[in-house]
Every structure is written in structure tokens, then in C-alpha cells.
């Protein structure tokens, strides 16, 4: 599964995208952030306040309690500032 | 029916209006919104706009479809730029066409409120004074959340 | 600060937007409203617009001044055409510029509602079928009075 | 004083503008419409339902009970349909 990071989430982690293989017990996007946060200081910094992170599954907005099983692509980013 | 572009290049507002109205006699009202890059302090070199390719187009199209479901539109066009935008330059264009003005105004207003809060774009300010360090990310405004509540 | 024209000739929307924004970096939002001549039945030869010279410009300027008093505008431009307007052609243009989008949208919407009800213009429909007799005057719409009430 | 007529008021009267000299007892725009209505069938037709006629004094909207003393120009027209 591909994980994408944008804006300061991307900057803190240091990569824009990567392949990830979370264990089967990690089912929701919220759990996935927790698992990612354990992968190193950079990830811990990016996800230090998961409440402010927006999440998407296969390019659609999804809440933290949403499952991601079967997704090709998950994304993590700050609140949007377009327009 | 809506047409959506996410692009780095500038756009031509007049050409976009013409594309929605040329050869038609059923359009009575066209509203355009242009968002421009401001530089209130006089220190901005450029606004840098990052986006999520694929999702950006998809989200804008989804918001357009919602506008078309709410109001009787005869045309709906959105262009959102990404990359480095200098002060005074265009960032985003919304054009709505309808038989009557109320629908065209409401749909354009709605589209902008939703784009602000739902479309995956992130802005940061690159200052002229490099000593200012890393460009800072623009924080979302509480106003924008309030604006969104008007449509719920 | 507002600029008002009452004229028979067509206008160039892009040039009007440019006139309000060129060389500036304090404008964040530009809204345009274009009113076009509709021909729903396919029988219209032209809309004929009569106006009260002098009072038309004066009333539009008065309404613009009220919009400028209500919202922080950086520019306000209104062009209203008179004479024979064929289907699909431009009738009226409103352009508002502001730092923020809410003011630009509200002012343009307000200006159109007030122009509809306060500016001394009268439309009549000239039909292609001359046997239809004298062109009939367009009746004011109840909707327009309701639209005006929103601002009171 | 100049009187101006627009749209169907103009059509019914048959002229777009004219000089008028109402008697001193005619003080308000409403009274002026009554006086004009007595000038002939065309005027009577134009002012048959004064409630629907809009009035202006020196190019400013004015109500029917407004006085017009000293005005250079008064105008009579149907509800506006611009925009």
C-alpha cells in the first residue's frame, strides 16, 4: 500500500511517498497513524498531534476511525488551505 | 457537466466565460470568482501551492457535482493553480452560468467555500528575505469553517 | 472610487478585471457578474433597453457608494448597456474587488439586486414575428423585490 | 419645469418630455399626476393607475407625497426592469 504525505507532514517525515506494510492488527487510519508514529523520530514528530492530521483513502477524505483494508493509497496531510 | 483543471499555468478569465456562453441564448447570468495572491506586508516573493494530484481534481469535481445538484446551472468551470504564484497573480477561478442570477451567485459562493476547506491544496509563503528561514505554511482560517456552515 | 458607465456599446470583462487589479498586490478576490440576454422561446430578435440618461448613472453610483459603505472594497465597476441587445449578448457587468472573498461576493450580489430595482432602465422584447405587434414591456418580477429584502 | 416620461408612460402620452406649468395649488407629485391626467385622454390613460407609477424629482427617486417646488425636472415611469 502506498502512503502519501503532504505539506508539513511530508517535511517532518522527509519523504513524499513510500510503500508501507502495516501488520493486520492495524485496521483504521487512526491506528495506522499510531503505527507510523513508532517508525522513528521523524514520524513521531509528524504524528505528535494526530487530531490535526487529515486522512484520505484512495483519494477520498476519510475519518480516523475509517478502515483502510484493500486501499491502494492512503494519505496524511494538514488541514487544507486552497482556494 | 462541470469542467475542472488543476494546473501551474495561468488562465484567461474572458476565454473561460466565453466557453460557457458562446453560441447559447439560455444563459442569463455568469458569475466569476478570481482569487489572487495578496502581499499585504510587501515581503512576499511567492506563494507556493502544493497539491495532491488526482485527489485535487476529484474533490473539486465532487464539489461541482454538489453545486449542480443544488442549483440549476448551465455551466460550471473551476481552475486551481499550483506551484509558485507571485503577488498579484491568479490562484483560482470559479465560473458559474445559469438562467438566473441567484443560482449563479450562490453556486460560485458555495464552490469557493468548499474548495477552501475540502480541496487538497496547501499554501506557504516564501519571503523575499531569505534570512526569514523556511517558508511558513499558511494556517487555515476559522472564518473559512464558519463560511462552510452557511451551506449546511 | 466606483466607476460607472451607461453605454450602448459592448464591454470587455477581462479588461475591466485588469483595470481593478493591475499593478496591485492587495486585492485577494474579484467577483464579476455578467447579465446576458436570454431567448428562452427562440422568438426574440432583440431586447430593447430604455434608460433615463443622467439619473441612470446617478442611481448606479449611489448604489455603489452604499456597497462601499457596507463592505471593504478596493474596487467597484458597473457597466449597464442600453439600446438593442441581441440574444446571447451582454447587458450588465458588475465587478467588485476586495482583500477577502466574502466582501467581494456580497457586494456584487447586493449591487445586482439594487440595480434591478432602483436603476432607471426598462426592457422590452422585440419579437422576430412582426405580426406579434408592438414589443411588450418586461414586467418586474416579485423575486426581485424579495431579493432586495435580504439586505434590509 | 421639465416633465419626462419613460417606457409605457411615454408611449401612452406620446411624448418623451415637455415643459409643464402646473398651478400653484398642485404641490406634490401625486397631485401633479392628477393634474396631468386631466390634460387629455392620452394622459388619463398613462395615469389611470397612479399607484404603479414611479416618480423622480431632479433625477432622484421621490414618493408620491413628495413636494416638487423648485424642481427643474420631474419624471414619471413604470417600475424599473434593469440589470
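Order of writing sets the labels: A, B, C and D. Residues in every chain begin at 1.
Everything that follows uses one rule, which is that a residue touches a chain if its C-beta (ideal position, glycine included) is under 8 Å from a C-beta of that chain, and two chains touch if they have at least 3 such contacts.
If you want to know which protein each chain is, UniProt gives these names: A, D = Molybdopterin converting factor subunit 1; B, C = Molybdopterin synthase catalytic subunit.
Here the structure is a predicted model, which is why all the values come from computation and not from measurement.
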Contact-linked chain groups that survive once subunit B is dropped from view: A | C, D
Counting in whole Å, what is the centre-to-centre distance of subunit B and subunit C, each centre being its mean C-alpha position? 23
Which integer distance in Å separates the CA centroid of subunit A from that of subunit C? 49
CA centroid of subunit A to CA centroid of subunit D, Å: 72
Quick check: what residues of subunit B touch more than one other chain, meaning two or more? 35, 101, 112
Can you list the subunit A residues in contact with two or more other chains? 83
Pairs of chains in contact here are A-B, B-C, C-D
State the interface residues of subunit D toward subunit C in the complex, per the touch definition above. 4, 6-8, 56, 59-61, 75, 77-83
Okay, in this complex, where on subunit B does subunit C touch? 12-14, 17, 21, 23-40, 42, 44, 87-88, 99, 101-102, 104-105, 108-109, 112, 143, 147
Sites on subunit B touched by subunit A in the complex: 35, 49-52, 54-56, 58-59, 80, 91-92, 112, 115-124, 137-140
